[in-house]
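The structure appears below as structure tokens.
A, B and C are the chain letters, set down in written order, and residue numbers restart from 1 in every chain.
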Amino acid sequence: MPVTANTGIVGLFEDRRRQLLLRGRAETLATVSILSILLFASARISEFLSGDYGDAPLARVAEFLQRMNPHLKPALLFAGSGAQGSLAYWFYAFPKWARALFTSVEMAIVATAVGTVLAFLISLLMARTVTRSAAIRQTTRWLPNLVRTMPGFIFAMLLVQAVGSGPMAGTLALTCTCFAGLARPFAEILENADVGPMESVRAAGGGRCAQIRYGLLPLVAPNMLTYVFAWIEINVSASTALGIVGAGGIGQELAGALAYNQFDSYLAIMIMIAMVVVGADLASEQIRHRLFGLRQAR
Amino acid sequence: MTAAADTRDVIARAQRVAAQAMAPHHGGRVARWAAWGAGLAALVAMGGDLGFSSERLLSGILRAGHLITLMWPPTPAGQAAAIFKALGQTIAMAFLGTALVVVLALPLGIVGARTIVQQPVVHFLLRRLFDAARTIPSLVWAMILVAAFGLGPRVGVTAMVLAETPYLAKLFAETMENRRQGVIESLQAAGATRLQVLRYGLMPEVLPLMTGKALLLFESNIRASAALGLVGAGGIGVLLDSRIELLQLDQVAWILMLFIILVLTIDLSSQALRRRLINAKSYNLKGMDADA
Amino acid sequence: MLELHNLRKSFGQKVAIDGVTLRVERGEMVGIIGRSGAGKSTLLRLVNRLTDADEGEIRWQDRDISRINGRALREWRAHSAMIFQRFNLVERLDVITNVLVGCLHRHPLLPSLIKSFPAEDRARAIIELDRVGMADKALQRTETLSGGEMQRVAIARAMMQQPSLLLADEPVSALDPFNANGVMNALVAANKERGITVMVNTHTIDLARCFCQRLIGIRAGRIVFDGPPSQLDRGLEAELFGNAMLRQAA
């Protein structure tokens, strides 16, 4: 196929390309070096590479797994709780643990509910489409961001000092993190929402409240609920850990099991936690199916 | 005809035209109100079960006020060095942990993506496995690992890896599944092999997104590793715990301030990095006139 | 020369192509017209095997290509270049790489995985880009381009494949009239200057009339018209497009 070559253009292109290639390679080299240095430094500081693994580290791992092993005997699987090797023996404190898990789930639900409401309210103040005053927006923005930077357990510990140990402190702590975590996504959803419907309500004579209620909410509700559902799962997982600082729930049972060196009980509780969180996952997926139709639910 | 008769007329006509739309919806509305009411009642009941009561809340608020006064003025009480060291350890743990999680989650994510492994049964099982594995928070792992292997940041890093790899693997898998069918088809139409289609059609989209998610993971890991110190897995958690126990809240406030500054700095830089990853850079061959 | 014998394709209940028999000679420029959903897209995709027919046969130069696979299929696909309504370029990659995709089928695996193309291919890619007037944007990220520009890059990519057949699936439907003209002219250039057989889908009759010597009208998966534009009268147009508007602004 006859093609009239314009070597001028090709030459120019190759020059520029070489330039960019070199620059790109230099950048890559710099990035890789920095990352390597950081990696090495962090490995040193966290004593990952210190080499002192004690004697026979693999044996210790094996021993650890052995201690978690409940030594189930197939013949005795369904025997009573007195019989070593049965499921009942392994899950000997099942009622107590179930109750504690239930508490943890309750904590998560209440925290998510209250946190959602609070986050929604503050997001209204943070969003450009709802609040016209830039001053209000800027001042309200820093609160959730501040709360977000702190790990949840700090709140839990401080609240335990304030209201005493128990699930109340944990719920309040979860509420704080949930509120902070939802505020920003809510605000973004509100800002990215199409203002069209709101304006048409305004054109029909609706006041601010009506505009929000009829023009904005139906639009943003599905997106917001997606985040809420994600946070329910996060909260259920987090609430199980909070018990460790005395903030109620299954965490306290976990700490107790370790205090008595009952590794197999620990494993039993971990399995129960896994089942509950997976259950919460599935339940929320079902609810999302119903509410939004198959297309939106993941 | 009277106005009332007119109205009746209109309603009657509307009912003939769209009987269903005109039917009273009382049933639906009552059901909705009932549902909201029941939900609220359930919430209150749960709150009570959890120990909420107005007296406790009130006394809690008062006590919280007292605690806040204890926080002022924030002071390191001469232990600034130890605090900085602990913070450094926290960041190091977070960085190393994130790096390890990324390295492990990458192959898992690839395998877990429907675009790569198309076998429905295998895909389903793998993803369920990810879901089950990510239910255990890192703190729970850390507790038992400390009990088994002793204290130290190494244990903390291991706990983070165990807890977060399935989570990131799932995120990676999902990113790889959200590919644009059209682009894939056009690559196929040009005669590319399967691997080439992935390399040119999937990777350019997916790599910046996954890097962004890894950066977000790093941000959240800093908080996570701070918490891990609580159970002895290294970092700032231990310091915070002891100070809070002893109600030395002015030191706590100082540590928290430092921590917040640190996290904000890292958050901002990570945001800038993420923006740079997504943005288009145009390398224009300036000065090239079409002289042909 | 392309021959389609009795092609049939259904998607579930819906019959997309219902017994199509067609013969296209080398060097023709054929416009395929019909409503949205009439089966135009499916027809083209059957030719380059993005979709496989339920029944029927496709032959190119007397070779049966309806059932080839693997390497032979990839060669056929490279040979029968396709451009799309939504351009379908890899937006995060730069323009030149998108064009170089056209020669992927000729390259061994490893170098192509690290985006390493021989200088000769790069030069050819630049020349193709220059022919569509896009050479100065070669190193830009494709997502910075406008629709018309992207489609021209797509054409450059198609030319890179050194095809004998060019399948254009509604190439200008997403473009404004000015850009549409530019793209159609590029297709005509490919047809006249390089002797490439071109099959263009469009739901705009006037466009097809203007640029193609042969029109094929499709309705509900069947060919209802096959001839030069002069033979297409109002009645047939109505039959093709049903109650909808007969003419759309070109």
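Points worth noting:
The rule is short, and it goes like this: a contact is a pair of C-beta atoms (placed from the backbone, for glycine too) under 8 Å apart; a residue touches a chain by one contact, two chains touch by 3 or more.
Predicted model only: the values in this text are computed from it and were never measured.
Viewed as a contact network, the protein chains are fully connected, with every chain touching every other.
Across the two candidate interfaces, B-C and A-B, the one carrying more C-beta contacts is A-B. In this assembly, the C-alpha centroid of chain A lies 47 Å from the C-alpha centroid of chain C. Computed from the mean C-alpha positions, the centre of chain B lies at a distance of 44 Å from the centre of chain C.
With centres taken as mean Cα positions, chain B sits 4 Å from chain A.
In chain C, the positions touching at least two other chains are 130, 135, 138-139. Among the residues of chain A, those in touch with two or more other chains are 6, 9, 13, 16, 20.
Looking at chain B, one finds that residues 283, 285, 288, 292 touch two or more other chains. Within the complex formed with chain A, the residues of chain B that make contact are 43, 46-47, 49-52, 56-57, 59-60, 63-64, 67, 88-89, 91-93, 95-96, 99, 128, 131-133, 135-137, 139-140, 143-144, 147-149, 152-154, 156-157, 174, 223-224, 226-227, 230-231, 234, 237, 240-241, 244, 247, 256, 259-260, 263-264, 267, 283, 285, 288, 291-292. Contact residues of chain C toward chain B in the complex are 48, 50, 74-79, 81-82, 84, 86, 88-90, 92-94, 97, 101-102, 104-105, 109, 112-113, 130, 133, 135-141, 143-144, 154, 157, 161. Those residues of chain B lying in contact with chain C across their complex are 180, 182-183, 185-193, 195-196, 199-201, 204-205, 208, 280-286, 288, 290, 292.
By the touch criterion given at the top, residues 1, 3, 5-6, 9-10, 13-14, 16-17, 20 of chain A touch chain C in their complex.
For chain A in complex with chain B, the residues that touch the partner chain are 6, 8-9, 12-13, 16, 20, 38-39, 41-48, 60, 64, 67-68, 103, 106-107, 109-110, 113, 145-146, 149-154, 157-159, 161-164, 166-168, 171, 237-238, 240-241, 244-245, 248, 251, 254-255, 258, 261, 263, 266, 270, 273-274, 276-278, 281, 298.
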